[in-house]
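There are two complexes below, and they share subunit A, which is joined by subunit B in the first and by subunit C in the second.
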Partner chain A sequence: MKDKMRLNAAGRLVPVEVNGEPAVPYQGVENYRKTGCKYAPPIPSCADYPADGNKQVSSLEEALVKAGLNDGMTISTHHHLRDGDFLANQVFDIAHKLGIKGLRWFPSASFPCNAHLIPYLEDGTIDSIEGSMNGPLGEFTSRGRMKKTAVLRSHGGRVQAIQDGEVKIDIAVIAAPAADQFGNANGLSGPSATGVLGYAEMDVQYAGKVIIVTDNLVPFPCLPMQIAGNFADYVVVVDQLGDAGKIVSGTTQITRSPDRLIIADLTARFCEVTGIIYDGCVIQAGAGGISLAIAEYMKQIMIRNHWKIRVGFGGTTKYMVDMLEQGVMEYILDGQVFDTASVRSLNENRNHQSFSVFNAYNYHSKGNLTSLIDVVTLGATEIDVHFNGNVVTHSDGMLLHGIGGWQNCLFAKNTIIALPLFRNRIPAIVDEVTTLCGPGELIDVVVTERGIAINPRRKDLLEKVKDSGLPVRHIEELREEAVSICGTPDKPEFTDKIVAVVKWVDGTVLDVVRQVLC
Partner chain B sequence: MKDKMRLNAAGRLVPVEVNGEPAVPYQGVENYRKTGCKYAPPIPSCADYPADGNKQVSSLEEALVKAGLNDGMTISTHHHLRDGDFLANQVFDIAHKLGIKGLRWFPSASFPCNAHLIPYLEDGTIDSIEGSMNGPLGEFTSRGRMKKTAVLRSHGGRVQAIQDGEVKIDIAVIAAPAADQFGNANGLSGPSATGVLGYAEMDVQYAGKVIIVTDNLVPFPCLPMQIAGNFADYVVVVDQLGDAGKIVSGTTQITRSPDRLIIADLTARFCEVTGIIYDGCVIQAGAGGISLAIAEYMKQIMIRNHWKIRVGFGGTTKYMVDMLEQGVMEYILDGQVFDTASVRSLNENRNHQSFSVFNAYNYHSKGNLTSLIDVVTLGATEIDVHFNGNVVTHSDGMLLHGIGGWQNCLFAKNTIIALPLFRNRIPAIVDEVTTLCGPGELIDVVVTERGIAINPRRKDLLEKVKDSGLPVRHIEELREEAVSICGTPDKPEFTDKIVAVVKWVDGTVLDVVRQVLC
Partner chain C sequence: MEAESGNRGPSVRSDCYVKIRSGISGGIQIELKSKTGKLFGRHVRELVTDMFSFFDVSHAEVYVEDSGALPYVIAARVEAALSRLTALPKPYLLQGKTCPQSSTARDRTRRSRLYLPGDNPKLMINAGLYGADGVILDLEDSVAPSGKHDARFLVRNALLYNNFMGAELMVRINQLPAGLDDLPYIVPGPLNMILIPKCESAGDVKAVDEIIQSLKGDPGRNIWLMPIIESARGVIHAYEIASASPNVVALTLGLEDYTADIGAERTTDGVESFYARSAVVNAARAAGVQPIDSVFSGFDDLELLGSVALKARAMGYEGMGCIHPLQVPVVNKSFNPSSGEIEKAMKIVAAFDEAEKSGIGVIAIGSKMIDAPIVKRARRTIDLAMHHKLLNADWRDHYEG
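Presenting the complex of A and B:
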C-alpha cells in the first residue's frame, strides 16, 4: 500500500487505490473536475414486466433470488427507518442463509441496530461497507476487523458516487412505509411512516434491480409517488419494516445543559449581530440538542424583529413544524424526518415539502440548494486551529460517526460549528484534527461556551462583530484554554493499516482512518 | 433509398437508415429488445455554477449563446403552452438572427401557432422536426418541403428516444409558468399557468444545457419543484410566455353532434355490459368532444350503480374535476391540463396530482402506468378491417396530426376506438390504413354510431355482449356500410419520397409517410 500513497492538497497522505479501484487524491475544495458522463443503467423493456402491473412476489428471499443475488454484489439500503430498521438486517440474514459471500453493503447510513451484521462481516457474507457508519460498526472497522477498506461519504457524496458510476448498485432494497403492487411508494403513512424517502431516490434510479418492501400495501395509486413504480422490479410485503418508536420519535428535545444553552444563545446572537439572519433568510437546523436550541433562540429573534424565516431546511422536528404553523417560517424543505409531528405536517401542510438529497447535496450537479442557505449550524467531534473539521473519529482515533450531510452543508453562505470546548475532559478544539472531513476554508465560525472564533478569511464578519460585546476570541486562545483545563490528551496510536477512507464531495480522497492500536 | 428498405413485421416497407442514422424495422408489438445502457449526459460540477445560486441572465439570446447554440444542434421544447406558445418561435427567431443553420427541433408536440417556423424550415435555420406535428407543419412536411425526414413519435416514444440516447438534446428551452432564480420551476401559477410540466422533465434531465424561461419569477423556493433547479443552467425572464387564452381554456366542451353522442352512449354502455368499468376501475379520458361525452355517460353509470372510479388519468378537463369534487372519482393523475378548472384543482386538491410522461408512457421502463388502466377510449383518422389504426394522416395522405399518447395508451387492459363511421363523406373504417400507427392486435373494440366491432382476439368480450342488445357487428360490415354510403374514395397518390417515419413505442420503424402528389 505504502508505494501507492500520495500527499493530497490538504497535506494528508492518501492511497491512489482503494479496494482495487483507482482513487483520486483531494485537489482542493473546488479544483477537481471529473470528466466523462454519468452512469447509465441498462435499458429495460415493459415487455419483461407483468402486463397487469402487479410486481408482488411472495417473500424478500424470492425477490432477492429473482433479482439475481450473488457473490460480490453491491446491495443498497436507505436509512429513513433509522435505529428502528429491521429490513437491512433481514437482507443479510437471507444472504447468509443462501451462502452468499463478499457482499458490499452500501447504506445511506447505519445505526446501532445494524450491529446485527457484525457476524456477517466476520464470516465473509459482507466484506465491506461504504456509507456513514455509526457506533458498533465504526468501532468494528476501527479495530481493523473489516475485510476491505470502508469508504466514508457524505450524503451528497453517496449520491455523486452513484450518479457518476463510482459505485454500481446491483440490488437496491427499499423500505417503503406505503407502496402499491406496481411499486409506487412513499413514506407518508403506515406503521413505519418515515415522512420522506429522499435518500432512496437515487438508488432507485440507478440500481440494476429494485425491490420495494412494505408493511403497508395500499391499492393503486400510492400517492404521492415519492418513488415511481416504473423503477421497481419487485414488490414484497412484510409484517413489519421496523420498530416505529425508533423510526420517528416524539422525544427529540432541546438541550438542558447550561453550557450548551450558552453556545446556542451565542450562536443566535452572533447571527443577529452580523446580519446573517434577517427577514426572509434561509436556514438549516439540525436535530441535535444544541441545534434545536439555536433554532429556538433564532425563532425568538425573528419574533422580536417581526421577521420571518423564508425556508427552513430539514431534518425536521416539531420545533420547525411549530415555527411553520406559527407563521415564523414560511416553508420547510424536508430531506429527513425526526418525529411524528413532522410526518403529520408533511401530510397536511403544502408549505412543508420533501426534496431529494440529489437536489440539495450532489456536488456533481448544476448547483446545489445548499448554496442558497444563509446559515447552517453544525456540530463536530474536533475542530483544529486551521478551522478544519472532523466528524467521524473521536480524539482517541475511534471511528464512531458518519459524515451525513455535514460536508455538503459547508457550502452554505455561512457555516457555523457550534460545540462545547471540551467533552469528558477531551478538548474539541485541537492543533490538528485526527481525521480531516471538512477543509477549514469552508468553516466560517466556531462557537463554544467560552467564546466565538471567526475564520480570518471572513474579514466581513470580523468587522461586523466589532463593538458587539460578543466574546470573540482567536481560535488559538480557545485551544489553549481547553488544554489549560483538560491538559494535553494523549495522541491516539494507530497501526499502518488503513481501515477507511474519507471522500470529499467530489469523490476525491480527503483523508484516511487507520486501525487503532488496541 | 430503395436499396435500404425492408419489409417490417407489420408488412410495411421501411428504411433501415433515417437522416443518416441506422433505424431498426418494427419487429412486432413486444418482440424487440434494445440492448445497451441508457444515455448518460456529461457530469457537471457545482464549481461551475454561481455560488449564490442565481442563474438568471439578461435575455433568451444571451442564454442561448452561453449555452453554445450552434449549427446542427438539437433544440427541445415542450408543448404545455399548446397553441398559445410564444417561446418556441422566439428561440428560432433568435437562431435565425444569429445566422445559425441546420437545427433539429425536437418539440413534445407542435401546434398551428408554430406555422411561424415555416420560413426557417425554408431558409435552412431548421432542417428537421422530430415530434408530433399538427396542421401547417404537417402539411409542409407532406408536400416534401422539409429538408430532412420527419420522425413521428408518441409522447412515450419521445421519452424513450431521449432516455436511450437516440435523440441527444443539446439545449432544452423550458417554458416555466413559475420559476425562481436557481431554476426550480412549476406550471401551477402565473399568467401562463399550465398546471403541470410533465412533458419537460425528461428533457431537463438529459439535455446538455437547460434554459428555464419564465414570465413569473418568484422568490426562492418555487414550490413544488416540478423541475428541480439542479438541472438548470440558465434562467431567463420574459414579458410573456404565451397567450393565456390559448394555453388553457374554459371552453373544452362535450360534443353536441347527435351521431357522436350515440357513439359515446354506445361506448359507455358497452363498458358497463362487459364489466370493463366497475366499482374501483381506472380510466383514461381524453379532451376531445366524444371522449368528454363518454366520460359523462360513464359518470352517470357510476352514480346509478353507486360506484366510484378509482383513478382518472388526464389530460384533465373540468368534467374530470367535477367527478373528483363530486366524489365519483377518487384520484386524478394528470399529465396535461386543458382548462383553468383543472389548474385550480391541481393547486387545491391533494387527490389531483401530476405525473411525468416518463411514469406512464416510456416503454423502456420497468412497466408503465398505462398497463394499469382498465379502459382508454381514443380517436383515430382511420381504422382498418384488421383493427390497425392511423392517427397521423388523413385518407388523402396528408400528414396533419401528431401521435400524442395514442400509441402508449394502446397498452391499457381494454382499448376502444370511438369514431364516426365517416367524416365529410370519407369512410373512417377502411381496407387498409394509409399510415400504420397502432397494430390491430392492441385495439380491442371499435365503436361507431352504426355499430360496435370487437376484435376477434377478444373472445371474452364477444362472449359478454351476447344477448346484450348492443349493435355488435363484424368490422367488415361496418366498412361495407361506410362504402355504401360514401362510395369508394380515391386512393391518395404519393411520390416515392419518404417525408416522415412513424416510430413504434420501442423506437423501431412502424411505417413511413410519403410526399403527397400535389
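Presenting the complex of A and C:
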C-alpha cells in the first residue's frame, strides 16, 4: 500500500486504493465534485411477488437463503435498536452456521452488543466492517486484527456511498418495530419501538434484496409507512428484535457533573451573547450529557426573553418534548429517538416529525437541512490548535467511536464543540489531532470548563464577545493550560498498517487510522 | 515489609494506588498498570524513580495502578506509602510546579466554602472553577479512618500544586487532639485558614494556634482560624472561643453533630437549632469575627437551599458551607446584597457624602434620620456589591440620586 499513498489537501497521507477499490484523496471542504449518475439496483417486477401481497417467510434463515446470501456479500443493518440490538448479531449467527465467508457488514453504527461478532471476524465469516464503530469492535480493528480495512463514514457519508454506488448493498436487513405482511413498516409501536427508521430509508431503495424483520406484525395497513412495502422482498416475524430497555431509555437525565454543567452554561450564555440563538432560531440538540444541559439552559434563555425556538433537530429526548409541549419550541425534526417520552410525542404531536438522513445529511444532494441550523453543539475526543476535530480515536490511537452525524453537523451556521479540557490526565485540546475527522475551518467555537476559544476565522463572533465577561481565550492558551496541569503526553506508536480510513462527507479520504503498537 | 496508599477500582478516576515492598537488593522495580500508560507511563516511571532516589531508597518493588492521576497525586500516594515503611525527613517537591497563592484578609468575603474530601483527588482538580470564596480540604469526617494518613499527603500536595483559582485555602483538621498532628503536614504549605472541628473551649483554639505559630515560619504570614461549634458546650462557650486568638476570623457551627448532642432531629426550618444559631451569630459579632452558617445537606434541592440561605442571612450570617459544587452559586447569590439593598445603600452613601461636603452634620432621607452605623452598613453593602461585580466601581460618576 505504501507506494499508493498521496498527501491530501489536509496534509494527511492517504491511500488511493482501499480494499482493492480506488479512493479519492480529500481535496478540501467543498472542492471535490463527483460526476456521473447515481447507482440503481436491478429492476424488480410485481409478477415475481405474491399476488396477495403476503411476503412473510418462516424464518430469518429462510429469508437470507432466499435472498441469495453468499460469500463476499455486503449486508446492511441499522442502529435504531442501539445497544439492545439482537438482529444484526442473529444475521451473522446464521451466516456462520451456513458456512458463508468474507461478508462485508455495513451497519449505520455499531454498539458494544456487537462485540458478539468478533469471533466471526476472526473466523472469516465477516472480513470487513464499514460503518461507525464503537468500543470492542473499534479496539479489535485498532489492533490490526480485522482482515480488510475498515471504512469510517458519517451518517450522511453512508447515504452518499450507497447513492453513489461506492457501497452496493446485497441484502438490507431492516429491524421494523411494526410491519405488515407486505413489508410496510414503521418504528412507532410495538415492544421494540424506536420511533423513527430514518437510517434504513436509503438502504431499502438501493439494496439488491430487502428483508423486513419485525416482532410486531400488524394486519395491513401498517401506518404510517415510514418504509413502503414496495421495497420489501421478504417479511420475517421474530419473538424479539431487541432488549427494549436498551433501545430507548425510560428516562434520560441531564448530567449532574458540575464541570459539564459549567461547559453547558458557558455554551448557552455564549450563544445568547453572540446572538446565535434568538426568537425563531433553529437548533440541534443531542442526547449526550452536556447536550441535554445546554438545551435546558437555552430553554431558560428562551423563556427569559419570551423567545421561541422555531425548530429543534434531534436526537430527541423528553427535554425537547417538554419544550415542544410548553410552547418554547414550535417543531421537532427527529432523526433519532432516545426515550419513551419522545416515542409518545412522535405518535401524538403533528409538530413532531421524523426526518431522514437523506434530508439532513447527504452531501451529494441538492442542499442539506443541517445548513439551516443556527447552532449545533457537538463533542469530540480531541480538538487541535487549528480547530481540527477528532471523534473516532482516543489520544492513544485506539479507535473507539463512530463518526455518526458529527461531520454532517459541521455544516451548521455555527458549530460549537463542547468538551472538558482534559479527561483523566489526557488533554482534549492538543497540538495536532490524532485522527482528522473534521477540518478546522468548519469548527467555530470550542467551549471547555476553563474557557471558550473562538476560531480566528470568526471575527464576527470575536467582536460580539468583547466586554461580555465570558472567559474567552486563545486556543493556544487552553492547550497550554491543559499541558501545565496534565504534562505533555508521549505520542502513541503505530505500525505502518492502515486499519481504517476516515471518509469525508463527499466520499474522499480525509485520514487513516493505523494499527496501534501494543 | 509492605505498605500501600491510594485508591483503585472501576469507579476510581484521577487517582492511583501504590503498593511498595521494601527489599535489600534488585534496585527499584516498578510495575505500572495504567489506562493512560501509552501517553504517560514514562512520566509515571520517571517520577517514581526520582522519588525513590530523593528519599534514598535503593531497593523496592513498586506497584502503581494509575487511573489518570495528576503528578502531584501520584507523588502524594508514593510518599504516603513510603512513609509507612520508613521515616521521611523532608517532603518531596515536584519540579517547576507552583500555583499562585490565594489572597486572604481578615475580613475577606466568605459567602461560600466548598468542602472537598481530603482523600479524593478527582473532586479537587476543578474545585477552583465553581466560584466558591473558599475551598476546604477536609481531613476530618469525609475521610475514612483508613485514608487519614494518605489524605495528609494528598491535601498537602493539593495546596501546593492544584490551582484553586483564588479561592481562600482552608483545611479542616481532625478533632483534637488528633488534629494537632495534622498541622505539621499542612501549615508549611500555602494555606490561609484552619477549621477546628468540634471546638468546645478557648483552650482548643489556643492549642491549635500555638502549634501553627511554631510551624509557620514567616512571622508576617497569617493563618486564620475558624472554630466550628458542634456541641451544646461549644455553644455555651462560643464567645470565648471566638475571642480566644486574634487569628480567629470567623465562627461557624456544625448542626448535624449539634442536634445529635442536644438530642434533637435536624429539620429544614431549624427550630431545634434556632438558639444555637442565634448564639453563634451573637458571639461572633461580639468578638468581631464573621458568623458563618453550617452546611445544608440536601444537595438535590437547590431551591430549598436558596431559602435556607436567605434565612441565614436574615439572622446575620455572612456565609454558608457547601457540600456540592452546584450549591455554590445559590449560596453566593443568597449572601450577595440584593439589588434593592444596593440601591438603598447608594442613596445613603451619596446623601451622606453630599451632606458632609456642604457641612451639614445630620442628614435624613425622607423622614428617616441617617446616622453613622447606617452609613457604615451602607458602605459595606456597596463594597460587597463592587467586589462581586454587581456594581461598577465608578457608580458615583453616573449616580443621579
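By our rule, the second predicted complex is superposed on the first by the 517 of 518 C-alpha atoms of A that agree within 3 Å, B and C clash if a C-alpha of one lies under 4 Å from a C-alpha of the other, contacts with A are read in each partner's own complex, and residues count from 1 in each chain.
Keep this in mind: a residue touches a chain if its C-beta (ideal position, glycine included) is under 8 Å from a C-beta of that chain, and two chains touch if they have at least 3 such contacts.
None of the values given here were measured: they were computed from a predicted structure.
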*Overlay done on subunit A, so just call it for subunit B and subunit C: clash or fit.*
fit
*asked:* By residue count, which of the two partners contacts subunit A more extensively, subunit B or subunit C?
replied: B
*Given the touch rule stated above, what does A:G487 touch, subunit B (first), subunit C (second), both, or neither?*
second
_How many degrees, to the nearest 10, separate the directions from subunit A's C-alpha centre towards those of subunit B and subunit C?_
140
*Check the residue A:G102 against both partner chains and state whether it touches subunit B (first), subunit C (second), both, or neither.*
neither
*Mind working out whether A:G144 is in touch with subunit B, subunit C, both or neither, as first, second, both or neither?*
neither
*May I ask you to decide whether A:D259 touches subunit B, subunit C, both, or neither, giving the answer as first, second, both or neither?*
second
*Mind working out whether A:N359 is in touch with subunit B, subunit C, both or neither, as first, second, both or neither?*
first
_Quick check on the superposed pair: does A:A232 touch subunit B, subunit C, both, or neither? Answer first, second, both or neither._
first
*Rounded to the nearest angstrom, what is the minimum C-alpha distance from subunit B to subunit C in the superposition?*
38
*asked:* From the superposed pair, tell me which subunit A residues show up as contacts to subunit B and also as contacts to subunit C.
replied: none
*Please give the residue numbers of subunit C that touch subunit A in the complex, ascending.*
13-14, 35-36, 38-43, 67-71, 125-126, 129-130, 163, 324-326, 389
_List of subunit B residues in touch with subunit A within their complex_ = 30-31, 33-47, 49-53, 55, 163-164, 182-183, 210, 219-221, 223-225, 228-233, 280, 282, 310-311, 331, 333, 350-351, 353, 355-356, 358-359, 362-369, 371-372, 411, 413, 506
*Please name which positions on subunit A make contact with subunit C in the complex.*
256, 258-259, 261-262, 395-397, 423-426, 449-450, 469, 485-487, 489-490, 492-493, 516
